[in-house]
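To start, I am sharing the structure in question, which I have written as structure tokens.
As written, the chain order gives the labels A, B, C and D, with residue 1 at the start of each chain.
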Amino acid sequence: MSKTNLTRRGVLKSGAVAGAGVALPTIFTASSAAAYTNEPTGASVTLGFNVPQTGPYADEGADELRAYELAVEHLNGGGDGGMLNTFSSKELKGDGILGKKVEFVTGDTQTKSDAARASAKSMIEKDGAVMITGGSSSGVAIAVQGLCQEAGVIFMAGLTHSNDTTGKDKKANGFRHFFNGYMSGAALAPVLKGLYGDDRKAYHLTADYTWGWTQQESIAAATEALGWETVNNVLTPLASTDFSSYIAPVLNSGADVLVLNHYGGNMVNSLTNAVQFGLREAQANGKNFEIVVPLFSRLMARGAGENIKGILGSTNWHWSLQDEGSKAFVKSFGTKYGFPPSQAAHTTYCQTLLYADACQRAGTFNPCGVAEALEGFEFDGLGNGKTLYRAEDHQCFKDVLVVKGKENPTSEFDLLEVVEVTPAAQVTYDPEHPMFAGGQLGSCNPGA
Amino acid sequence: MLGLGKKDASLLLVVVALTMLAPFILNPFPSDSGMAQFNAGYPDLMQRFVIFGIFAIGFNILFGLTGYLSFGHAAFLGVGSYSAVWMFKLLSMNILPAIILSVIIAGLFSLLIGWVSLRRTGIYFSILTLAFAQMSFALAYSVLTPLTNGETGLQVTLDDPRILGVSATADGSIPVTNLFGLEMRSAYDMIVGPWTFTFSVGYYVCAIVMIAAFYLSIRIFRSPFGMMLRAIKSNQTRMNYTGLNPKPYTLAAFVISGMYAGLAGGLMASMDPLAGAERMQWTASGEVVLMTILGGVGTLIGPILGAGMIKYFENIFSKINDGVLHTWFSFLPDGIENFMVAVIHPFVGKGWHLTLGLIFMLVVTFLPGGLVEGGQRIAKALRKKDKDDDGKSPSTEPAE
Amino acid sequence: MDVFLTQILNGLDKGSAYALIALGLTLIFGTLGVVNFAHGALFMIGAFCSVFLQRLLNLSYETVDPTKTDFLGNPAVIKTPYVESWFGPEMGAAIIDWSVPLAVLFAIPIMIAIGFIMERGLIKHFYKREHADQILVTFGLAIVLQEVIKAVYGANPIQTPAPDALSGVAVLAEGVVYPVWRIVYFFFSVVVIGAVFAFLQFTTFGMVVRAGMADRETVGLLGIDIDKRFTLMFGLAAAVAGLAGVMYGPINAPNYHMGMDFLVLSFVVVVVGGMGSLPGAVAAGFLLGILESFASMTAVTDIIPGINQIIIYLVAIIILLVRPRGLMGRKGVME
Amino acid sequence: MGILEVKDVGKRFGGLQALGDVNLSVKENTCHAIIGPNGAGKSTLLNCLVGKLIPDTGSVMFDGNSVLGRSPHEINQMGISRVFQTPEIFGDLTVMENMMIPLFAKRDGAYRLHAIESVQAEKGLIQQAEEMLAEVNMLDKREMHSASMSRGDKRRLEMAMCLVQDPKLLLLDEPTAGMARADTNNTIDLLKEIKEKRDITIAIIEHDMHVVFSLADRITVLAQGTPLVEDTPENIKGHPKVQEAYLGETQQV
């Protein structure tokens, strides 16, 4: 009894030749011929872009999708080549991957782990995708990463900031380019110290689920190391829309800094509410009251409008960076779509290029070969300076940006200004760091 | 046959034939054609069709027969999934104990919620079930994370004990779910000319369970118990004065439908060992309500049709992007091609919700009895035509 | 003590929103017997009325300023709103600043019109249908409405700030500061609720509608064309939901799914208040708002972790078990 | 000693004394009518008998057992069936299904989870139901959707549903209310037939004196919550107190 693991495209074409003209349903062809899941045998290779197209993160998803389409265009030799020209590895020639034309399928994660897995499965089972990428929340990323591990395809994570993605839930087939909660804390802490001093009392509002907790833990650890005191940490329900009852007690709590460990709609609302309650102008303990939003995204910042002015946070990448890679990317994205890319777009574009390059270098689409090529890979020219894909946990280590809401934006895109580029060395941690311990990569799974 | 009337038996046979031949029926288009986008015959979606079919069949036993509209049934599905995954973590990857535990736990949980909620009727009952389910979801997402793994969902990992199995396979992977060694994800491909048909073990396991569940639901519909439930919907006063106590009947219906939901949850986890909290959210409960109404409340086959329709939209329409549209219309001149793409664009891909919403409105406006009524009208029209042709009407009645 | 005062204020504020939405919902339940799952969408559309007006007022003509560059290095395009060029920069800026209060005026006719169209075009065909069908059709409508808004305005929230003059904080007592707009919102909702009650209490139209709520058939027998009045009621309910949405914009930025977020809560509020009871809906709205605020205090969550996640549902369950028809429900409505 | 013994039953609604010290004894195999002007407490009394209301004072014994505190379905299981003023039937079900439900209740008690068995397999019960339908001349309507029938048919169906349970006591709450004369006469004939054929006790609340005097063996006149007089129809007809309180004003006998 031979079996296939979630696959079928692999034999589809070779089998089609064998079975051509045979209409008798007695001919069963088992697909054990494939060396790994969805081995591309034709002239093209299919990638699966799994992004939220409905639900609250649909705008991020749409931007990710734009970047994916741009990356595919560049890989196939179209457009101006974007970051292919600045990428330190020169393996990709604009003729697809390993000479095969790059095709793609898209799906909707709905920002739900179930729907995301269903969508990824359909790409693997029906469309023969050899790699899945995308997502805009950690829950989805971890769920899809687990699926790809079982199915034997590579997962290139999109927007996922939780420590767990490359911590306790890391997987051999999964790779993350985006930064994480720990890195946010490590990057923010020195800047906070420089701007607000080392004698501060912080009040945390934390989204009451896994990502919120790991982020809060990271930021609290980093700021306490500076000498800050954590006055309180209040957990807020995910479903909250009005944060007034959480914000109101802050001013009389003796704290002089408010840390909002929120993302997406939660972040927009809690920040709006905090500004409404006058916290940005308030005084406490003889100092100016400050608000910190550790994970910033420009698209979300737009939702928060005026409220983000002067608020400090960290981000993976920003379009105003002036290195060659970023400039090339902003140019080709901006020319095609008419507005600058978001950090979500940047990270997914990079992930696609990195995957393609790894296949090219490995000379195969076999996940095990690709994984080997990505592990310990050092590169440059993709917008975050010199970057390492660490072998131990499949996390990228690169510079992290500390940003601040701009006081006088010159355009509707010009919302954040880069305060500091924290060098990669400063945000690097030991793979066995307690915040990341507990999981195992396991061994790579090629599926067949 | 099997204790069923002639009409029911033929309905059952139709369902058996449809599910058994689903890999063919759902893959009508050659794999390389542009229309292959509409093929739904891949294992994951076929499994979802039948699993949600089970969920909806069970829900219909409560809602269709007694008229009690529960907005909290997703909680039972979620609890079933969590139970199954815990069995995979602690005991073994065999799906049988996992599914049995799912059904039992979901049954107990629904007994508790039903016992409280059934003290009220009408919308008050609906809101009570909704409140319980929302509480379950909120707690599973946050406070109960040690039990549910919160946002990420409960997964099997390499260091689970699995006392009757292995924690990790020899090559360092997590073992896969199986039924006494028969792996759920294994599949055969059959290639006939340009077509490819996939036969998945997991699908056939689900399909057999669904047929059994469907058969049981026919028996319940035709039993004195089913008649009592319809009587409760019709007139509770007369019920009381006829010497019958409606409470245990409704509670039994509630628990049975909760166990169906648990069965669906357990199967879902067996096909894909992950249990996420969103499965318990009110939108998920609302989905099964919509499936049942869309298909036809109180009919035998309606809920299965409704479940299939909604899942088809979710998984097929959401994947149609502009690139796909352009390949469809590439035979047209450029201007018309772009125009066609622009017209269809808002309804597919990220607009699949819009299409679904419109379908809901159209179906309920023009087919008050749901899809089943649509089927009946077509059958009636055909029969009329048949009669005109040879004066003979076909013996098969449409699904009630 | 200050903490309690602030939380009561927060509760009244949340309660205002709940009460306004629930009021419209229960009006439609009570008069038309329709379970309207699209009611949340009406709230959302109200909020987007002010987004629309804001966009309208910000319509600009473009001039190229060669001294500046945009993000691609091309000469920058400078936008000047037409209102600023028509009324002068200061007046124009003031008009834009006051776009939310202006949107209140703008939203009333639009919401009433939407209500009319919804009732005449769709809902009226469902009066005699089962509640299940009403749920399906209005749920479908809600999805369609929110997808249309999403297609036009995107999925991310869009800020509709309060006028500068009303956006600061007010010092109510020593150590108690509260945002001015939230106080405005509370009084606004009190006025709207009062107006609806007065309308139903003191006008003949209102009397007929109340009689119709109590016994539709009898009123029909009196030869009063109750249907026409019910259409108007639907418009009124839509307007109340829409106004709640417009004024809510500055508190939380409108997004396309805000209606769904409030839908379940407002159903709970209506049912806890008692089906078909207007005072019940208002009372339940404020009660749940205040309890939710108290439950989020750390002093409470320290004792019962996670209580803030479930408080509304827990209270709803307890109330429904103690009082079978909610706080003020009438017998036989939707049972 | 009657099959139904009502002793000193009183019931207040707020300030209103709806029933005060009602005593009533219904003898086995008789037809006992309860009459009285509107607001006399007839319906309240009936509701106290079937468990819908619980009296404040007094006792209600049926066949030697107290019915107080029991719910309607328990009281039915004791052998009391009730026909309502407006027919209460299962409108969504067919006539035949309407008949099967009381039969199941009679055989299986207030609750039994018979979820797998088929209704069609219950040949014995089906036969009983058909016989009963034949008795009320409704056999031809057996597959009809019961909600779509005429009011008279609904009434006959309800009566059949009660009778098929073979109750010891049949309670009739204005069984001819709103009926045309012809229908009323049919109902009287039906009830007469039932009385003759079966060992059954009937208690009837009725406005229509024609019905009362056609059927009743004994009559209790209720006024303002208390029994005014109890006697045979002949005596009641001539009773001056009754004439004065009730009959004389409203009805020519």
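The working rule: contacts are C-beta pairs under 8 Å (C-beta built on N, C-alpha and C of every residue); 3 or more make two chains touch, one makes a residue touch a chain.
It should be emphasised that the depicted structure is a prediction, and the values quoted were computed from it without experimental measurement.
Set side by side, the interfaces A-B and B-C show unequal numbers of C-beta pairs in contact, with more at A-B.
Nearest to the overall CA centre, using the mean of each chain's CA atoms, is chain B.
One finds 52 Å separating the Cα centroids of chain C and chain D.
Centre-to-centre spacing of chain A and chain D amounts to 74 Å, using the average Cα coordinate of each chain. Annotation: 33 Å between the Cα-based centres of chain A and chain B. Our note on geometry: chain B versus chain C, Cα centroid distance of 34 Å, whole angstroms. The set of chain B residues touching two or more other chains comprises 138, 141-143, 353.
Residues of chain C found to touch two or more other chains are 306, 309. Every pair of chains meeting the contact definition is listed here: A-B, A-C, B-C, B-D. Chain D makes touch with chain B in their complex at residues 50, 71-74, 76-77, 81-82, 84, 88-93, 97, 100-102, 104-106, 108-122, 161, 165.
Of all residues in chain C, only 2-3, 6-7, 9-11, 13-14, 17, 68, 70-72, 76, 150, 154-159, 161, 167-169, 175, 177-179, 181-182, 251-253, 255, 257-258, 261-262, 292-293, 296-298, 301, 306, 308-309 touch chain A in the complex they form.
Chain A makes touch with chain C in their complex at residues 55-59, 208, 232, 234-237, 239, 241-242, 244-246, 248-249, 251-252, 265, 268-269, 272-273, 276-278, 299-300, 302-307, 319-320, 330-331, 334-335, 339-340, 410-411, 413-414. Residues 35, 122, 125, 129-133, 135-137, 139-144, 147-148, 151, 264, 267-268, 271-272, 275, 305-306, 309-310, 312-314, 316-317, 320-321, 324-326, 334-335 of chain C touch chain B in their complex.
The residues of chain B lying in touch with chain D in their complex are 3-5, 216, 219-220, 222-228, 230-231, 233-235, 237-245, 248-249, 252, 256.
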